[in-house]
Amino acid sequence: MLHIVNKSPLDRNALDTCLATAQGGALLLIEDGVYAATTGNSAVGKLKQAMGQMKVYALKPDLEARGMADRVLDGVNLVDYGGFVDLVTEHATCQSWL
Amino acid sequence: MLHIVNKSPLDRNALDTCLATAQGGALLLIEDGVYAATTGNSAVGKLKQAMGQMKVYALKPDLEARGMADRVLDGVNLVDYGGFVDLVTEHATCQSWL
Amino acid sequence: MSEGQVKKFMYVNRKAPHGTIYALESLEVVLIAAAFDQDVSLAFMDDGVYQLKKGFNTKGIEVKNFQPTYRALDDYDINKLYVEQEALEARGLTQEDMCVPVEVLTRAEIGKLMETQDIVLSF
Amino acid sequence: MSEGQVKKFMYVNRKAPHGTIYALESLEVVLIAAAFDQDVSLAFMDDGVYQLKKGFNTKGIEVKNFQPTYRALDDYDINKLYVEQEALEARGLTQEDMCVPVEVLTRAEIGKLMETQDIVLSF
Amino acid sequence: MKIAILINEGPYTHEATDSAYLFARAAIEKGHQVSRVFFYHDGVNNSTRLTEPPQDDRHVVNRWAKLAQDHNIDLVVCVAAALRRGIKDENLAPGFRISGLGQLIEAGIQADRLVTFGD
Amino acid sequence: MKIAILINEGPYTHEATDSAYLFARAAIEKGHQVSRVFFYHDGVNNSTRLTEPPQDDRHVVNRWAKLAQDHNIDLVVCVAAALRRGIKDENLAPGFRISGLGQLIEAGIQADRLVTFGD
């Protein structure tokens, strides 16, 4: 399934709980969640570890809006809204970790 | 000064940042912030440490609403809304860690 | 209305009660869902476990106490309530603190259940 | 209107931009505050430091880019901008990443400054 | 594919409704059908006809209404959440309708996917 | 003492406005003056006359209006935030007035304390 996280990893616990709960599948970071995919963020260790079990995506327009598109962690796949739609249709269910 | 925290310590970083920033004064826990003052919560260590530098209060009506009034950490002072008002008037300024 | 289809709906509750309205309005969805004869389960994770903490007394904050509604869920045949074990432990709570019968599962177990759902709704 | 009084106002910004409107609406307050000839300072803590990260390009999310407004603050004689050192470090950012000149302070130093204020506003 | 959307937050304050809109538009561009958008919690505030954002800003309410009209999307506002927050027929924007929570469950049953946007 | 209050969130969704109300009432009971309540961000949604909460629930808007009338509190709604969110004279509840952000700064200058309630 597709897990969607829209919260900054340093502000709230959504990413932590998502990663501890998810049984594989894919993770899409949107809105303030995209900060988790940026180099130097103290949450990158968790994200790198997660990459062993699930594919990680981040929404490019949200990265660009925040001036962070040029510091994306290796291994994170950037998508636009069309790619977001594809991720939703390719997975049988999705869970937004609000 | 009076520091007011209204967020659960396990959901957001407000309490952490408040405690790392505050230079003495008093801490008042309200709304979901009152969970930080309850025994067995994994944040109590931080709160106990903070008690060395600042007086800690929690809003009793918010504890009661959450069914947590009977498990308040030793050393936390319970106040009602009148006590909240007194804390505001007794301190020259207050900061709500939203 | 339901076209005879039965889907598996899971409602994931991760927010503390009273500080925000999500707990109450999530419960309102679940009660309506019951009328649709779908397969309904509720997961309480993180601060969401506080929603089930026994003994709400909301007089002092002057809001309605919606906790009795959780006890009504069983009358609507909603009885798959899962509570996250790690969340209870981090909050000093046990199964006995819950206001209704629940099944305690680890995060990983909840994650596995989530994979079997058709719809996951999060509040 | 201001009765000749000068008070020290500190605006504390702890929230990321775009995910919520607080950064933008906080900026609107600060600009108005400038007209009142008060002593104004801004503190950026936690995710609030992201508000000043250079290079916003908001075309893709179709919202207005309000970052240029930070550069206008100096025209309003608002130039006490404090950024939390620990917040920068935890986010892989440095002073050079900020879109305006700022003073980098530790949390404890910001806490000391806070103690000298008459009004602290938090968004 | 038939996609339904749930929006839990109001306009401007949270990015949720913007993300949902851009997602819905992209889904339509890809040939999918967005069958229903359900507005719940503060999401009901997306349906007031009285918003007047700054002229250089997007108009969240109107662009939902326009997208819905152009692509036959059912914009449903939860009646219970709306009454609590002051959304009624008298301030409801054209293109939206007020109905019960059953419409959310029904959307979940009938659509192939349900995507939630919120805080 | 003269106390001013800032409210950043709307009714029912967040506890902020409830906490602020109970705080204001307690301040008045203790003999303090609540000079002004300023509604900003989603806080402007506390001023719509159209809310209809369930009968067994508190009426957030009306009880602010009543407290203000009984104790001469100036309830000010930020015009910029209100326009964005669809609060105008036509749906404004009695007892509230719409004005500029300057009223918040002024409240801070003139009051002895300013207390913020939000998310």
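For this structure, a couple of remarks:
The chains carry the letters A, B, C, D, E and F, assigned in the order they are written, with residues numbered from 1 in each.
Methods note: a contact is a pair of C-beta atoms (placed from the backbone, for glycine too) under 8 Å apart; a residue touches a chain by one contact, two chains touch by 3 or more.
Since the structure is predicted, the reported quantities are computational estimates derived from the model, not experimental observations.
Note on connectivity: the fewest chain-to-chain touch steps from chain C to chain E number 1. Of all chains, D has its CA centroid at the greatest distance from the CA centroid of chain C.
The most distant chain from chain A, with centres taken as the mean of CA atoms, is F. Centroids of chain E and chain F (each the mean of its C-alpha atoms) stand 28 Å apart.
Separating the CA-averaged centres of chain D and chain F is a span of 25 Å.
Contact of a single residue of chain C with at least two other chains is seen at positions 18-21, 46, 61, 63, 118-119, 122-123. Residues of chain A found to touch two or more other chains are 6, 10-11, 13, 31-32, 61, 80, 93-94, 96, 98. Residue positions of chain E touching 2 or more other chains, listed in rising order: 8, 12-13, 15, 19, 22, 41, 54, 57, 116, 118-119. Per the contact rule defined earlier, chains pair up in contact as A-B, A-C, A-D, A-E, B-C, B-D, B-F, C-E, C-F, D-E, D-F, E-F.
Across the complex, chain A meets chain D through its residues 6-8, 10-11, 31-32, 35, 38-42, 60-62, 64-71, 80. Against chain F, the residues of chain D that register as touching in their complex are 1-3, 5, 7, 9, 21-22, 25, 28-29, 32-33, 35-36, 38, 118-119, 121-123. Contact residues of chain F toward chain D in the complex are 6, 8, 40-41, 80-81, 100-102, 104-106, 108-110, 114, 116, 118. Across the complex, chain B is touched by residues 12, 14, 45-46, 86, 107-108, 110-112, 114-115, 117-120, 122-123 of chain D. In the complex of the two chains, the chain F residues touching chain B come out as 1, 3, 8, 15-16, 19, 22-23, 25-27, 29-30, 32, 112-113, 115-119.
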